[in-house]
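The first chain written gets the first letter, and so on, giving A, B, C, D and E; residue counts start at 1 in each chain.
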Amino acid sequence: MKKRHQRLFLVLGTLAGVSVATALVLNAFRDNMTFFITPSEVQAKSEVPDRHFRIGGLVEEGSVERADDSTKVSFRVTDTESSVPVTFEGILPDLFSEGEGVVVEGEISPEGVFQADNVMARHDADYMPTAAKEAIEQAEGSAEAIGDY
Amino acid sequence: MWDGIGDFLAMGGYALYVWGAFGMVALGLLLEGILVARRRRQVRARLQRQSRRPAAARNQGE
Amino acid sequence: MTLEAERLACRRGELHLFEGVGFALAAGELLFVRGRNGSGKTTLLRTLCGLSEPARGQVRWLGQDIRRLDERAQRQMLYLGHQDAVKDELTPLENLQVHQGLRGERSTLDERLDALEQAGLGGCEEIPARYLSQGQRRRTALARLLISPAALWVLDEPLTALDRRAVAWLFGRIAEHLRRGGLVVTTSHQSIDGLPEPRILELD
Amino acid sequence: MVRPLWTLLQRDISLIVTRRQDVLTVVAFFVIVITLFPLAIGPEPEKLRTIAPGAVWVAAALASLISLDRLFADDWRDGTLEQLALAPQPLALTALAKVLAHWLSLGLPLVILSPALGYALGLQGIELAVLAGSLLLGTPVLSLLGAVGAAMTLGVRGGGALMALLILPLYVPVLILGAGAVNEAMFAAPYQAHLSLLGALLAVALPLLPLAIAGALRITLD
Amino acid sequence: MTGRSIPWLKFTAPANFYTLAQRLVPWLWPAAALCAVAGLYMGFFVAPPDHQQGDAYRILFIHVPTAWMGMLLYLLLAAYGAIFLVWRIKMADIMARAIAPTGALMTFLSLWTGALWGAPTWGTFWVWDARLTSTLILLFLFLGYMALHAASDDREKGGRAASLLAIIGAVNVPIIYFSVEWWYNLHQGVSVMRSDGPSMADSMLAALLLMIAAFWIYAGAIVLRRAQAEALSREARTEWAQAAAAGRLTREQRERAAVGIEGNRPPLESGGQT
């Protein structure tokens, strides 16, 4: 076999490998897989999965209730259309606050209450002084698009 | 912006985190600087020793 | 059919071994590389067959750069190094067969048995190599020379562990190869009386 | 050109199989690492089920690593590697044949055994199939990556530990996707995407990594 | 080896590099210090606290530069590795080897500062998300490069093997990033290099950019210094290196070294010709 042929085989092999890989990657992303599901999807599901899963959304304004004598907390996660009640026991991250993004991991109980064993705050990527942020929020209204996540 | 040195050092209650981060960076860069300077000195000293005794230096490499 | 080396310089780690080595070896010629321990004989031989890359210079075999030989030119060259490349688990016969298979060479069972017989391994063709002596393992490796169609042999210290009879046999074999127009590059610490008149390359 | 590779494949497999203890050691290692998990974590079925995909995959990665350590070592010591480098066929193909032989004799047994171990950890039905399937796609990539490390660390001080440092980080994507596929299957979620991506890794690794192995071998032999 | 005669390649001669670095570095230190002082002043005394994170966000001024430097240095390492593998230019290996420790340090510092920033804001020092995981792997790759380079007895061989590893790692890190991204995702989005412009107050951005500049210049200076030491030690037996060590490298010596006439070491007589 000549060197020229070897190189040809090499190029062809690499091309074949890369194109098969591309096809497979595209195929993978056609299957719509998401990191978390939204409260609307939880409501829409006729059958609630009996597994750990994650719900992402915003902490509903005015829904946070903390127990006095323990670290128990309950709140609702909303995507502005529907919301899911969540209970959690443990230390919440500092960025957890009403109206902010959150992802909760856990299972849903038969009563439809989501029992989280992990709460993750998603902070947005804006850095600005408090006054500026308030000005922007007043200008835009406080409704934030969930699509950012 | 800060009410005195104490307020500055307190960093709005995040002193441990902020100063821990900046301190480690300063320490790391300082240490790296010292190590590189030392290595440079050592190499130069070795080469100067060698050039004084060229015959011994030959074939010795490092 | 020539092996050419042009202004070769080689180094081993930080050590500069030699530089400016050049020669052209034609068909039917034997090159004997001589030098004290550590003068770079093995490195030179490995460079000549393309295993090591020279710091400077070039080796050409059949007009091609030794590091980029095509399949045909590669098959025309046989290298035997310090290590025998003999597998403990396999018998001499299997070793020979595998070695030929790896190089894409063909031979019949009779030819292989004959080669082993000539190399002085008659009777132990079917014994796993781990039971053989050092000399017998060396002979197993050398048996390749009998059935390989390669024109150029690069033999690094081929006499190691061989007894006098085996040495005589090998010398005869080399002489015959040269008569047929083959090329041999070799090195040894032992006496080479009995070989055809070699060209000598001194490394010091 | 096919014949030399076929010869090499046969030789390597027969060498590995003759030294039966190699296969046994690797398989035993795989099984023992997996049995350590229930012993360390406790026999709660629910907990075991949760960690099952990760446990099997970690055990497979470690088993692959320790068995690859010696992929080229014997050939290098007795001089066969020089002969392979000087053989007429490209060294990359030779390397591929050796990795294939290694995987067939030491990787495939793990794949075949994995459903049984998965079952012991509480996986069921389709999950077992996905586990075996993910290992089938993933372990060849592990073998190819490990072979690069084995070729790089030949004859280098502290070879084995160094190889783990070099290669384990590169195992990460395979591990994540492999264990991920089983995880998805465990929750009746679509797992095809993970398997597709594993397949994509294999498709890229198969033509490219043999070149890297050949490059590393040439550096070692130089 | 035909490449040796291309004129621009003479800049790859260690002797020329040494002199260039010798001239450059004395300017780099004060420049880095200046940027750092200005950046720290802006960051601590001009930039106001963040609306969400208060003063904790100030860690950003060192976290972002170190994280960038870590990645950038790894890309440089892989690029120099590739150059060394393909063209065998010794200087490329010297540079790659000089980059690795700084890269490892930067990557470590970005992990450290990130953890201390994550603790008050996310509520955890560490999460296994794509960026953190791939940065951790990056650190292992730097360490692996250094270990492999150091483990080989032959510096040239060690350099080539390590370069190969660096290149494979450069391909693998994005794959790791995406595989983890896919599997778990918590980290914030991109905040500086966004198509709609940086989403940051001006004073914060100014401080950040100054700090980034400071880290760039610092990394440049320290890498050049380390490469100088490495070049000297590798060429220990040459005339230029010994002159350079004594602090009196002449232009003539340098040019002679660049074209490959090495002084002080008489050519070994190879009896050579049959």
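Keep in mind that, in the parts below, a contact is a pair of C-beta atoms (placed from the backbone, for glycine too) under 8 Å apart; a residue touches a chain by one contact, two chains touch by 3 or more.
Everything numeric in this text was worked out from a predicted model, so none of it was measured.
Under the contact definition stated at the top, the chains bordering both chain D and chain E are A, C. With steps allowed only between chains in touch, the distance from chain C over to chain D comes to 1.
Each chain's centre was taken as the mean of its CA atoms, and the one lying most distant from chain C is A. Summed over C-beta pairs in contact, the chain pair with the top total is B-E. Note: centroid distance chain C to chain E, computed from Cα atoms, is 46 Å. Remark: chain B and chain E have CA centroids separated by 16 Å (rounded to whole angstrom).
Chain A and chain E have Cα centroids lying 35 Å from one another. Between chain A and chain C, the centres computed from C-alpha atoms are 66 Å apart.
Residue numbers of chain B whose C-beta contacts span two or more other chains: 61-62. Multi-chain contact residues of chain E (touching two or more other chains): 48-49, 120, 153, 182, 265.
Across the assembly, chain D contributes 1, 89, 197, 201, 222 as residues in contact with two or more other chains.
Residue ranges of chain D in contact with chain A, taken from their complex: 1, 89-90, 92, 184, 186-190, 192-194, 196-197, 199-201, 203-208, 211. Chain contact summary for the complex, chain A toward chain D: residues 1, 6, 10, 13-14, 16-18, 20-22, 24-25, 27-29, 31, 33, 49, 51-53.
Those residues of chain C that touch chain E in the shared complex are 12-14, 16-23, 31, 56, 199-204. The residues of chain E lying in touch with chain A in their complex are 48-53, 57, 60, 120-124, 127, 182, 184-186, 188-191, 199-201, 204. Against chain E, the residues of chain B that register as touching in their complex are 1-2, 8, 11-14, 17-18, 20-22, 24-25, 28-29, 32-33, 36-37, 39-40, 43-48, 50-51, 54, 57-58, 60-62.
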